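Listed below are the structures to be examined.
Heads up, the next two complexes both have chain A, just with different partners, chain B and then chain C.
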Partner chain A sequence: MSKKTRRALAPYLYLVPATLIIIVMLGFPIIYNIGVSTFKWTLMSSEKVFTGFDNYIAILTDEKFIKIVTTTLVWTLLGVVLQMLIGIGMALFVDKLNVGKKFVRVSMLIPWIIPGVVTALMWKWMLQADLGIINYLLMHLGITEKNVLFMSDPNIALFTLVMVNTWKATPFWFLMITAGLQSKPVDQMEAATMDGARYHHVVRYVILPHLSPVIASTGILTAIWTLNYFDLIWATTKGGPMDATSTLPVYTYRLAFEFNDFGRAAAMAVISLVIISVACIPYMKKMFDNLKYEGVL
Partner chain B sequence: MRGRKIGLNTILKAAVVAVTTLIIAGPLYWMLMTGLKAESEIYQVPPTLFPAHLTLENFTYALKETKIPLYFLNSVVYAVLTLLVVMFCVSLAAYAISRFKFKGKRLYMIFILITQLMPLTTLIVPLYISFGKMNLMNNRFALVAIYSAVQIPVAIWLLLGYFNGIPREIDEAAIIDGCTHFQVLVKIILPLAKPGLMAMSLNAVIFVWQELMLAMTFTNVDTLRPMMAGISSAITITGVKWGQMNAVGVIAIIPMIIIYIFCQKYLVEGLSSGAVKG
Partner chain C sequence: MKEKWIAAALCAVMTVSMVAAGGSVVKAEGDSQVITFYGFSDWVDTSPFKEAYETAKAEFEEENPGYTVELQSDPWGDWEQKYKTMFAAGSPADVFMVNNPDFPAFANSGNLLDMGEYVEEGYFDQFFPGVLNMYQWNGKNMAVPFTTDCRILWYNKEMFKEAGLDPEQPPKTWDELVSFAKQITEKTGKYGFGMDMGLKELPTASLYCASGSQLVNVAGDGTITPNVDTDEFRKYVQTLVDMKDTYEPDYATLDYHDVASQFVEGQFGMIINNSLMSTDIYEKDFWGQALIPTMTADSETASFGGGFGIAVNNETKAPEAAVKFAQKLCSPELNAKLVSDIPAFQEGMDNSDFVKNPDYALILEQIQYAKQSMPKTLYYAEIEAAAYDTVVNIVLGGADMDEAIAALDEKISSIVAG
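Showing the complex of A and B:
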């Protein structure tokens, strides 16, 4: 083999191990998943019947589907908006602190490394209807008159979990915005202050525009993560009570392993994939612009 | 007047800091304290903010009478094996992407991005069926392979940022001095990208430590269950022994806390550079 062909082949050889694992463990399953979604395929019967789009039609015409999608939207949008508002607010607040800046920054990030299952455990214990510390405090301080069923009241459970997830996920926003603030346009901020602008004007007209690219990409990223997030919901409510906390991934999992309907679970996974891909397009565009900027593409 | 205004401002700021600290540390404090109480004191009304009788009985029970040490060890094994696979594959792949021109690079990057963002739910049904057929259920290496596959795309993006930041003139000089491309990677790029490798490793370890869905789908025997799958099945039943469960929760986060204390710099840097650059 000549030196030139070796040089031309080298990059492909370097890519072999990573690509092989991805193709076997991610690429093949996606294709297979699409295949399974076109069959009536349950754990009970050994017979698999090709049914084309029947699983998709069954899902899309099921009135439960609207409920699952609505729950997913509330879980994702409300969650991301809360994370964003608190994250930006805290980052701006800490940025202005004179003392204890480092301490607050360090402690703000702790919930991020607490596993979802342990977060579920902690909050489930604190939010217990009869023994939980939070119900005790609420009643003791006269805020509520009887125990709140945080996790078992279908009208409340979803919001409880959104709050718990906000506890866990806000640090990422805080981190991103804090990183973005490191390059804040100090000159412009000073000029604006000299011209008599109040702090909230500086935030509105100088800092937020400066942060908008960070806010946009963090928004897309956290939206996808939140939508896909399974651990916390599964370890607290398993999607209940009465499907009140069944988001797309939770419901897909239940279709597969509770109702043992693999065909329909596969179809549901494909639907999630389509929804996420559409939401990702702007993010992918940005990642490619970065690569071009770095001279890789 | 001015002095008083600053005073009020300081009090307000201190109040915000105090409330934030309470919200963040409160749940962790309560978990630790509940773990340190005797079962009778846990359900006492009014609850005690600090245990009247400190006891380690919940911890010793969890460590001696339950499968927790086994689950813990399993999690460590999954994390370490996944880390090794990811480190090997990703160093090579990121090097190729960062330093070589080749046909299909753009397509490959699209492929990597899509796999990075796909929901894990698309994996469970097909892999459950094929693992069943190939007798790979409850197989340590099968789970490590899935974890690696899920982490590789993210890790490539993360490490790529660090590799691209190393000036190409350095490797050109080394090539002129007689290094092969592989030597350039091992002797020059990897040592210079150490913060990137650290960030990538921490990211992978934390992912494996936290992961629940794949773990409980592909392992169902105690000898192979990781920590989170074990905890999750123990807290979603009725009649949870909360003292023991909280002790288990504390044990489960110890490795994460250690990582956080000693490697925080890399963790933070990796998180913020991987997702948003420029």
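Showing the complex of A and C:
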């Protein structure tokens, strides 16, 4: 092998270990899962019969499917938008602080580092209808006249969980945006200010465009995490009441471990993968555009 | 060049160490065969039960030289998920606890060893027939009954007095239950009945069992037909609807643990629950116990009966030893010390607190009427989940009962059609 060929091959050889890890850790489980989804694979029978797309058809024609997908989309989109707005707002606010900035930054991260199940149980008790402190405060302050059924009213439960998840996940947005703000274009901000721009104009036309790659990548990550988030829902409502909080991961879990149907659970997981991939396309496009613009790609 | 030699030497040392370590493991396995046992840590790894599992392991290893028992466990929620995953992935434990609703699926799939071939004749005769039947499949004994359980009615005597009810006369029928619950709520301002709809199981299944009916019928040829468009199922659901105003507002998210702990704290007038052995109820002085109220005055009481079996994986390399360990866990001397449930045979029960302590007398009476809300079928979980959805839709969602029951009937038919 000539020296020139070796030199040309070298970058690809460096990629081999990482590629192998991705194939083994990511590629194989996905392909295996797709394989399982084409079989009637339950704990009730030792026979695993190839059924093609039957599991997919069964899921897509299940009366609950549309409701579960809708719930999942509301849970994910509303959750990510709230996390983003509050996270960006908090980061900009703390960035302007002159005193106690470090303390506030550290304090803001506490909800994020609390384990999911602990968060779930803590909020479950605080939001309890008649003994929870939230209802006590709401009634004591005259905001509500009777106890609000945060977790057990089918019309409210999903939004309650979105709020709890927002409380937990916002610090990640805060952290990422704060990191992005460390390299904010100060000269451009000063120039805009000297030209008469108000602070919200500076944010809108200078800071946010600067942060857009961070917002795009954080958006992808939090969308994936929120869609797949299981602990909070399972530990508080188990997908109830009346399936009001049943998202794709919750229903996938029930298919596998309650109904012992691994084939349908695998099909549901593949459907989830497709949905999340489609949902992430705009974010991914934005991220790649930014990387191209910056000359990384 | 020097660095290369150092790196090569380090690689050689690592390789030798790994081979040596691997060799020692193989040697240990070669000396004694390992029997793995998998259960939930609430018993296997929690005092005072943990010590009894260690005793079982030590005694077994002494009686069966050449075998070592490895006790494995996870908390309840993880355990239920993991033992199914172990089978799906083809790497199950040799001996394991099996939850009775899951038993048909495991047995039908050929995952369980026919234990009858490995035990002395008549071994299974000692177990209570109803419980033994839960672990038989196609006439074969596929698990040793490990524990059984039932529900009873618990009531708060102080609250009964406050509501003007006789604390020595608990409700005997569903109508009385509704009337008493309403009276307690009205007179005391507290919750008359502790409902738990947080688990996806038939709510207060014991009440439905006490109707004498069952969710499905299984014909002699194995055909399963829905049996929910009945007076019994309607009255059961109507009873839950009629009591709705007496429930704690968050009843849709409470499970039986929540309800038990709130009863112990004096929040509920009545609940249907198990022995409450894991709570400190027996230190209180307000509690009363009663048999599960029946649908009508002349019908027989009944209660939901659960429990666990000890099964052996059909692929185990040491079936005889594995069965012996299963028998060890179900031995009269040890069984009661390993569990907080009720032993599934008389000798085990004689060694348990359930017999020694008069507080448990009523539980022993109720256990004789323990059964399940439907016969043992492969579709138990799916049918129960469908029934749960229907009951919740009616009680919580206010769905029309006729339409909801008709839809349930149809749903069960489609489930059993596969």
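Here is the rule we use: the second predicted complex is superposed on the first by the 240 of 297 C-alpha atoms of A that agree within 3 Å, B and C clash if a C-alpha of one lies under 4 Å from a C-alpha of the other, contacts with A are read in each partner's own complex, and residues count from 1 in each chain.
Simple rule for what comes next: a contact is a pair of C-beta atoms (placed from the backbone, for glycine too) under 8 Å apart; a residue touches a chain by one contact, two chains touch by 3 or more.
Note that the coordinates shown come from a computational prediction; the quantities given were computed from them, not determined experimentally.
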*asked:* For A:Trp125, using the defined touch cut-off, is the partner it touches chain B, chain C, both, or neither? Pick first, second, both or neither.
replied: first
*Should A:Thr71 be classified as contacting the first partner (chain B), the second (chain C), both, or neither?*
neither
*What's your read, chain B or chain C touching more residues of chain A?*
B
*Touching A:Ser246, do we find chain B (first), chain C (second), both, or neither?*
neither
*Could you look at A:Glu258 and tell me whether it touches chain B, chain C, both or neither (first, second, both, neither)?*
second
_One more residue to check, A:Lys238. First (chain B), second (chain C), both or neither?_
both
_Tell me the contact category for A:Ser45 with respect to chain B and chain C: first, second, both or neither._
second
*After superposition on the shared chain, which partner residues are touched by A:Ser152: those of chain B (first), chain C (second), both, or neither?*
second
_Quick check for you: in the superposed arrangement, does A:Thr226 touch first (chain B), second (chain C), both or neither?_
neither
*Indicate the residue numbers of chain A shared between its chain B interface and its chain C interface, in ascending order.*
124, 128, 236, 238, 253, 256-257, 262
*Residue ranges of chain A touching chain C (in the complex, touch as defined)*: 41-46, 124, 128-130, 147, 149, 151-152, 154, 236-243, 253-254, 256-260, 262
*In the complex, chain A residues that touch chain B*: 8, 10-12, 14-19, 21-22, 24-30, 32-33, 35-36, 90, 93, 97, 100, 104, 106-111, 113-126, 128, 131, 133, 136, 140, 167, 172, 175-176, 179-180, 213-214, 217-218, 221, 224, 227-228, 230-231, 234-236, 238, 248-249, 252-253, 256-257, 262, 265-266, 268-270, 272-273, 276-277, 280, 283-284, 287-291, 293-297
*asked:* Quick check: in the complex, which residue numbers of chain B touch chain A?
replied: 13, 16-17, 20-21, 23-25, 27-28, 30-31, 34, 42-43, 45-47, 85, 88-90, 92-93, 95-98, 100-102, 105-106, 108-115, 117-130, 145-146, 148-150, 152-153, 156-157, 160-161, 164, 181, 206, 209-213, 217, 228, 231-232, 235-236, 242, 245-246, 248-249, 252-253, 256-257, 259-260, 264, 267-268, 271-272, 275-278
*Partner chain A, residues of chain C touching it in the complex*: 80-81, 84, 87-88, 102, 104-106, 108-111, 197-200, 248-253, 378, 381-382, 385, 389, 392-393, 396-397
